[in-house]
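Here's the structure, in structure tokens; my notes come after.
Note that the chains are named A, B, C, D, E and F in the order they appear, and that numbering of residues resets to 1 at the start of each chain.
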């Protein structure tokens, strides 16, 4: 029974967290949240509470989010058929309009509002604000419409928000020089933002335990991966399917200066806190 | 022919603007833009260019917008019937979801993007960001659903944005203590924000020339109204219909410390510049 | 078994602490530590770890200490007979020399060193530094020698230390205009310092559970006392003996603007954390 | 008829100026004014109004001036015969006293006063203030008395003035280590000051249209000159006479890091504004 | 023999100055220098050295100067007849031009240059710079031409200079709203500037020992005068002639908040240092 | 007779000090004081007065002290036998406790108090504060107990104190990673601190005139020594005995970037002032 936590135990837990808190003070942490990991409202509130706690103890948290399921819902409502090519959503103009509205207007502001409810001081941004995420059309064999590729990150609006004490919550809409909006993959955006900020950590909250040696057995979780081992893991098929782009983001972030990247399970209550403020991680760490 | 503007003339115009520029330096100006005044894209770009110009010459411009027509379009697309009670949109939850998405995700970010294209440095906010617009359910005879009434304005996020050199663009979504989102009238929000900021001017961009003595004759424009004359003008029927709430916003802003309020015609090219940087105003000024 | 604390439990404890952390962020807390509450080294390290934790999560902790037992030890070593009058140490010049050396040179620097070992950034001060504690001879029926009474607190050195990120550790030596050093009661000094700083809390770490209705029964702890009730409690004999001056300090601090004063048990592990970061206090709170 | 400028036209002109304003924001522009270009009082007021306008829209304007005609007038009044050697004024001590008084006491303060009248915030300096222009005797075949040569520019007083929001107005008196005052050519001083400040532009206001291919035909104005072409232009006699030192100043400034130098006609109303804030320049630009 | 000053003596003098230095640190001192007190160059250098010394030890010195004798010389050179009405110079336009040139261009810049030679960091200003001394025509029975009366002091340019570490040297030219320059009495200007700055001291350097009970006997120096005694001293004829306006300035300054005013002898070497940094004053102090 | 110092002479002395003051403004000077040089109270007050004077005229003074005689006294009182090995005090734990108390609690705070009495703003620190002096056990042939060797200096607490306007007074206790306190030679600590701060000067106040060619004849004082000459002076026996470690400190400081080191006589009144603010030094300067 959790309610009977003794005072002594409470104190021990707080004190155990001390070295981790010291380690992260004033460091930037980029957390990617969204997709199927976002789950229902009670989990969402828990994640937001973790984010507020981290921010209160002096960590500069940047929250990057996607919103696939919400986009699908809305597309259905307006009668647009979702179409995927190699796992990427084909994005024509009417689709892009919905993507923009849902990400920047719905998911983003809902998260900001939840953070506010937890007494966090948050601000919602998308790539258009302060021209933060510059993008251009993603070149690919098959035309993907308004799917974009990041050309540069302008960290100024993020740093302004952090310096004024806000938790920046970022919807990954990109914008080109000619003001065309692009649909940007949120994992990739989080990795690029983490790299541009020289973040300490990039944390991808997903709906899996992390990288599993046998993807059907959570007991085979690989706790630590050196980025140099990744090609071998891909070859062996251990990194496969939807895990490939996530691992690539982790690797790219580390290669560009982020100290550590993590793939952890967003469905587990307080997985971020556990990963960051306790001895044992609960997902896979890339370094 | 405009293209043949002589150099001499160009210089004269710029120099004529000098005293107005001096007068407004570092002052806060709140501009309400939206609704039918927003018009087509070319007018919109012109308005944004004016905003950037004002901001460049040292004026702190805050842009507040509504988005009625865009909301109507989107409601139609998702098959929700718009319903108005005494000119206010009955807002049930599905409607509110659309209102939020369209205002904070579509209109807001489109304006920010346009400002960026004009080399303005803008940031899009809504009342949820930094808990800026606190609201509660509007009490009225007939239930209006999630139509809200502002209980307080937290100017901190707006001032942070201005101090960091951004043009804040504000979607008028309000939020209650329990994180319910409310649909807020944009004119009212602009007036309250102007008052809270101690703004120099409040400018309502509308689709009329201003306050007309005879509403069918633009030649009867009343250029200046002292707020103390307003009750008489209402009684005489000169302020009537949709003009009533707009005039009330102008009056309230002046009563709460804004120096001057203006109702001007947003459809006229560069009407803001003309009103602010030249000798003769083109709309109605309340003081 | 504490070691088997589950991750879930850990996270819950941290999250439960969130509202308390939010409440204390950037507030000043004065903790009086010393005397018999100081106990052995392992307890001391625990207290110091709590102080560092509080400081890391954004609370401005000021540590005020006494050192009676250490003074007694040293006086014995140099062959000076301790002499008490009404519970106050008669302090002739040779005694004062020892008091100064032990407090400012031994106890103070040992605590600073312990804080440093816990990765805290601390600085040791006494009332002479920056002329922080101005004092004069305490007037009393029987001459007490160099026992002093505080005439004013100069908060500048404390605020300078806090603003530069240090935990100020203060030995309660006072100094007069003519540079005479005075022996100052540490509880009184802590109360005056808390009042001068406009502190949120004053916490006296003692060797009792708090104020007990029946001083031999810890079960009769009075958790909350309104300062207006104190005279009655004195009259009833519930506040008596060595408790009287401690309670008086708590009352004076609250009267001069400190929000809450606490008498808690320094011998209990992490009693400060439990009192400040959890739902139930463990000592007596005065407000 | 200028007075009938339509509102539409006014707005167009302002908006057309937008990209130029954006381009110059926070940049330093050094304007050399004086000599025969200074003309009568009404032209002077026009130039000052242009300077104030540029300063108001965020450009950091530094005004450097000479004052040959005023010096001649004053020398005449005190009965000193002006004597020129190779176009440079032979400057004995009584002459230098007059030069100093007229430049630093008369022309300088008159310009500051005019700027003040146009609501500009200006401050008059000469090379002695803050030891800004260090100079020594100019070595030449024939002794020129107290004609000086700049040895170094101390930009501190200029930057202090700019950072405090003043338009610095600079009389080109130089001073040696032993406090001897020297008469310094204003064009040269302007070029050196522009280079030392890393200015964006150096603008020499003269009494000619710019560099003319045929000096008697204003239609042969050369709008743009690359500094590498100058030797050829000198050889061809296109740069000749009094134009040689002016062109040399422009070239030197560009060589030392100033982006562009201009020779424009100070007698034309608002020539600075036209050159800086419109599409077509009206003089000769060196880059 | 001064050269044989022993080390011991040197040190004693410096240490004796300590309490005076402590007393004046960061205080503003206005020194009026000029007229017959200015004397020859060697005395001038000595005064400037004193000013630099005071400024180096942390005193904020403002130097205000006149220049009567230099103006007379120049007027003679240009053939203008000086004309005095009740001790005030009748100032027609040609005279004013000379006054401006001599004060702001000659005396002012010579003093700045001398301070620079003593390694002081000085800046020369007149009332036109930053519109510092606002003035209007002095009303008097007989027309005095451009003799002005101060209507307000704008302390901003003086404070900007002090804050940037300069010694401001001020020529007392005033300016009206319509940019007319006025000839302002330097003693009066110094008193008004001292009052506007809330200066600690106003020091008038004159060519007398101070206020003498018998004006022909320096032994009758009155060392201290309470401003309330002045009317009696005037009545008794002890304050008379040219001493009246000087004493009035001292009184006005004290009445408007300056702590102490002094009339001391500028012809005595280092009289400022002696007055300010030693036990015994050498002139008359008003308080 | 000193009391009859004429005003003229006073002023001359102050003015003579001007170039030295200018030279040292904002520079850091480390003064080592202590041991037999510390002498009686009246000399001590004189030295403190000099330190306050230097600090008031803008020099950043850091005072480092030892306290051998006071330690001896205290050890005697507690009945510990002092034991020296090669001139270094064998320091067992009980001895170290006394060393710490006397240095950090007695000598340090007494000096701070004396500085306060002279109206100086001082703060007493030891190597433990802010973990300033990191040390480890000194390795030597014979075990010396807790005699330590500096491994690094953390200048942050010293710079924080200087930037907040305090005179830092430093007791040379070192501390290891495991919180063991070490007894550190004060001369060595002063040299390392001076080097770490990039000080202008290191001044060792001793009880000799400086380096003497014949140690029994003060007339043979060597006023200036180039550090490259030192080995020769050692070989010749001119640097010998207790002078060797002092000279080594001076040499090491210069080698590591301190401009000049001095050995001067602390028993002579105001020797620091004489050395620093006058033409002729009174001890030996190393450069």
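A few comments on the model shown:
The definition used in the following text is that contacts are C-beta pairs under 8 Å (C-beta built on N, C-alpha and C of every residue); 3 or more make two chains touch, one makes a residue touch a chain.
Remember, predicted model here, so these are calculated numbers, not experimental data.
Steps from subunit B to subunit F, taking the shortest chain of touch contacts, total 3.
Relative to subunit A, the most remote chain by averaged C-alpha coordinates is E. Using the mean of the Cα atoms as each chain's centre, the chain most removed from subunit B is F. The rotation relating subunit C to subunit E, fitted on Cα atoms, amounts to 120°, rounded to the nearest 5. For A-B, the equivalent interface among the listed pairs A-C, E-F or C-F is C-F, as over half of the contact pairs agree by residue number. Averaged Cα coordinates give subunit B a centre that lies 45 Å from the centre of subunit D.
Annotation: 35 Å between the Cα-based centres of subunit D and subunit E.
Mean C-alpha positions place subunit D and subunit F at a centre distance of 57 Å. With subunit D taken as the origin and subunit E fixing the direction of travel, the chains line up round the ring as D, E, F, C, A, B.
Only residues 2, 5, 7-19, 21-22, 25, 46, 49-50, 52-53, 56-58, 118-119, 269-270, 273-274, 277-278, 280, 282 of subunit E touch subunit F when the two sit together in their complex. Residues of subunit E that touch subunit D in their complex: 74, 77-79, 97, 100-106, 108-109, 112-114, 116-117, 121-126, 128-131, 157, 160, 164, 166, 173, 175, 178-179, 181.
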